[in-house]
Amino acid sequence: MSASLEKGVRVLKEVIDAPIASYFSSCVHCGLCAEACLFYTETGDPKYTPIHKLEPMRRLYEQEYTLLGRLKKMVGLSKPVTDAELGEWQELVYNSCTLCGRCSAVCPVGNDIVYMVRKFREGMSASGNAPDGIKGAANRTITIGSPMGVKLPAVKAQMKHVEEDYGIPIPLDAEGAEYMVMLSSMEIINFPEYLGAIAKIMKQAGKTWTLCSTAFEATNAGMQIGNADLARVIVSRIVEGAEKLKVKTVISPECGHAYTALRWEGANLVGRPFTFEVKHIIEVLGEFQEQGLLKTEGFETDRLTFHDPCQLARRGGVIEPQRKLMKMVAQNFVEMPDAGYMNWCCGGGGGASAIEEGEELRLEAFKVKKSQLDAVRPDRLVTACANCRIVLEEGLEHYQMDIPVIGLTEMIAEHIPDQTKSEGA
Amino acid sequence: MPLDAIPVVIAPSGLRAGELSGNAPPLLREIAEMVRRLLASGETSAIDLQALPLTPADLEWLREQLGEGEIAVTLNADGESSLDETACPGVWWITHHNPMGAVVSAFIEVAFVPEVVKAHPEDVVIGLEHLELLISDLS
Amino acid sequence: MKGPLIETLARHGVTRRTFVKYCATLASMMALPPAAGRAMAEAMAAAPAASKRPSVIWLPFQECTGCTESITRSHSPTLEGLIFDVISLDYQETLMAAAGHQAEEALHAAMAANDGKYLLIVDGSIPLGLDGAYSCIAGKSNLETLKEVAKGAAAIVAMGSCAAYGGLPKANPNPTGAVSVADIIKDKPIINIPGCPPIPAVITGVLAHYLTFGSLPELDKHSRPKAFYGETIHDRCYRRPFYDQGKFAKTFDDEGARKGWCLFELGCKGPVTYNACATVKWNGGVSWPVESGHGCLGCSEPDFWDAGGFYKALSMPADPLKLAAKAAVVGAAAGVAVSFVNRGKKSAAKSAHEKTTLADLEK
Amino acid sequence: MNEMQFLTWVRGDGLDYAVGIFLLGVIWRLIEIYSLGRKKDISASRSVAGASGWHTIFRRSLPPEGMVKKSPVSYIGGYTFHIGLFIVVFLFAPHIMLFQSLFGLSWPALPSQFIDLAAVVTMAAMVVVLVDRINKPVKRYLSTFGDWFTWTVTFLPVLTGWMAVQHLLLPYTTMLALHILSVEILLVVLPFTKLFHAFTLFGSRWYNGTVNGHKGVAV
């Protein structure tokens, strides 16, 4: 057994817990999880059946933690897990799984399959079987600070631009601010409107907020690759930053897995409860809306639909606020089939979008999104995840569908009355 | 204690007690064939009604179809037996009871006179002896 | 129709008509065609004079005489009993006048005179323990006697469950090493008429068949005449509709029992018992066990005594939780042992954890 | 061994061992599985009505929206044979008596004609799901020896029970004995095959419901 495999196996032994044991013991091979997985439904290839993606871990569980499994291994009925096998499984565990959680939502015996995939990735990454794309992203996040290699100066440059464009100052390292706003590098590079939108919204709500110079990047490639140690390094920066600035709430940006990493995994990674709250920007906007701190004027008149990011909706429990926000500014808001809790993934979550060799499969899987869109034929597609947005744009372009994709926060911000005007009125 | 003092409720025998099974009508054809044989060769024959899958309703139907004839014989031998001619002469409906009154067997017999009704020569001889005894007593 | 039998019957007040009626009913019971009834009557009525009647030897072994009682005393005077006048019963310890050496002489005389032609009836099981010392007649073990007498028999009738299966003497732990006739005799046709005791009409039916047709009736795999053992008690039971409706007496004195509901729950073995009680009944057709309010004991089935208790329903296992407590303890012990090993393994993996660095992402 | 001895054995020693192994296996396996434990989730929870382990235990018995259309055979066949098994196992008079003798609890039985129908429907549904397993690429791909084996050991008790009641093929006594034997085989293998989902599905649903309920997601 190679050292790397040994390490992977050891890590798996660490992470296999009672839920996983219970899940593996409950599976009846009914195959319904396949029907929930876009990689199966769009390709028809049974190897993409979610529970099958866990086969090496299932065997390892049986061999290590059950008496019968141990006996089976001893007499050669159950083959040991090999490095080659894990290598073969890379495509199944990373390329064809976005941790979207639809399988976990339909499994009749209640198996949380995506919970297991997340744990399996611990062993995969520790044994060196993670795909290069995500490894690169993790590498850049750890060494440079962001998966796309964005450094503080770039952020500062963006801040300056936004301040100029919007005429609103962007606070940096403001101690005692109520909110600490996180960004994803996608937003820093591709969607700078987001920062401006935050500035407008915060100003209108009259809330104090700040960026943090040591923790502006919210995304967590460590979590995507499935490595708690690396994810901890990344999340710790945010925790330290938030504690240093003594903020009440950290706002996770329009990015699905960043929210999961910070909101649900964060405290568990650092091993202690947070002293601050973590909220997705949509949650914050929803609160502002409820408290009357968010006032908009005018409506979008074209046909709009909303794509629920998996980590926000199905895996994060935020489903209603985005709909109320949509209705606030859109006259012609239509829902796609399966929208909300059972929405189909864009196909690029969980790090999948960073895997180059997975692109073809990703585009194949995008057909489900296409059919969802074809059902309602929107003029524009709104979402609340920068990664979804990029993947959606790629897919739409590939299928030559002329549907622009926009972020919900920036769309809301566009309807916030001009500050000077409203102050003057 | 009489039997009816025991509150035993006997369910209608078989679940389809009241239904016709459809097994009775073909019997009419068989009986007709037996009658033809009787006329042609004098051969007698019988049908064992308990050996056939007939419901009480079937039997009732059959009995009704065959009707009632002129002769009804009652035999008292180890329980009562009834030998009734049906409306078709030569076709007899025979029911044997045991001394307790339960039906032990039932037949349809096709004969000019049912076998069991005929007096046996040996018995007739005994009867004659008895008659002669009576006559000798007269003198 | 004349012959010694008919005359004997007549002496007992049984008329020819009664006899014809009896034979018709017997044929019907045995599912023979109606014509067979008359043939039977003719054959039996015309049975030859005493010197030519077929010889029957009746050997009693480990038995209680219940089978003999059943056939001779159930209903006096019975046709069943009188049927024996058709045969020449040359040896029957209970019924014969002779005793001791005279009886043995009669036996050997009959065997010699009818070699290869006599019918052998056996009731009782044959003990093999202590070289057969548990039951001896005239200084010979039952085993010896059976082998000796069976040699010249045309056919053997094993009367009652003891002779047919070993019966009560064979009940666990079978102290005498009792076995059935068929366990010993392999080269003769054997017909089993099990029951404890068997129904008299079954005995006479088989004899009548043998006398009329000179052969044994069709048998099932337990060598029982199919005519009488072809269906289960349950299938012919007048209480069957209650079973189908799920109406069961729960005790012998509850409302269900009074209403005549199914006795399955009170241990009735009707569903697994092949016999004619439900149709032929007992004591001249007066009643039978289930009609009297008691479940069938299953006496015509092998080893009925050891079949889990007369009052335990068939669906009821003897004592399935016997091992439960032990099993639970062993299971828990195994589980706990495995969990200790697992926890050890898991914490070993945990303490051996080396923090993953970027370099570790590569193989 | 004649059929009465066979029946006596399956009702006696055979059942004792089967029940013993079943209990032993269930307890051992439950401890083996659940003693692995899990880490406490220390992230701040968001509580939402309807999102908890208990809710999921019940909710997962119903198909999620749109799934019945995606895999009608799995759902309709699955429901039919599970409900059918329930009816046949728990509402047949002789079975109820068995439970009563074991646990002292009894409940009203359904008429045997209805049970008969349920048994036939159950077997039909099981055959349909088997054919589906053979025909459907995903199911065939996932299937191992265990899947065919567990189908068989589940099907046999229903088949033999039905045949015993219907007096088919073999004498009632032999069939009843085979029926009990097949149930014993089922009991013995249950804790060690996927049939153990009958127990662990509650744990699995509860974990799924709890883990997600912590996040305010009603799964």
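Going by the order they are written in, the chains are A, B, C and D; count residues from 1 in each one.
By definition in this document, a residue touches a chain if its C-beta (ideal position, glycine included) is under 8 Å from a C-beta of that chain, and two chains touch if they have at least 3 such contacts.
Predicted, not measured: the structure shown is a model, and the values here were computed from it.
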item	value
Chain pair with more C-beta contacts, A-D versus B-C	A-D
Chain occupying the middle, per Cα centroid	D
Farthest chain (mean CA position) relative to chain A	B
Cα-centroid distance, chain B relative to chain C, in whole angstrom	34
Averaged-CA centre spacing for the pair chain D and chain A, given as whole angstrom	38
Where chain C and chain D are represented by their mean Cα positions, the distance between them in whole Å	40
Euclidean distance of C-alpha centroids - chain A vs chain C, Å	77
For chain A, residues that touch 2 or more chains besides their own	16, 65-67
Junction residues of chain B, two or more chains touched	none
In chain D, residues with contacts to at least two other chains	28-29, 32, 35-37
Pairs of chains satisfying the touch condition	A-C, A-D, B-C, C-D
Chain A to chain D touching residues, read off their complex	16-23, 25-32, 34-36, 40, 44, 46-47, 49, 51-52, 65-68, 104-112, 115, 263-268, 271-274, 277-278, 314-317, 338, 341-342
Partner chain B, residues of chain C touching it in the complex	1-2, 6, 14-18, 20-22, 24-25, 27-29, 31, 33-35, 38, 79, 238-239, 241-242, 244, 258-260, 281, 284-286
Chain C contact footprint on chain B (complex, rising order)	7-15, 45-48, 50-51, 75, 77-78, 81, 96, 98-100, 102, 104-105, 107, 109, 115-116, 120, 122-123
For the chain D and chain C complex, residues of the former touching the latter	2-5, 7-8, 11-12, 15-17, 19-32, 35-37, 93-95, 97-98, 101-102, 108-113, 167, 171-173, 176, 180
Interface residues, chain D side, partner chain A - complex	28-29, 32-39, 41-44, 46, 48, 51, 56-57, 60, 63-67, 70-71, 74, 78, 136-144, 147, 192, 194, 196-197, 200-201, 203-209, 211-212, 214-217, 219
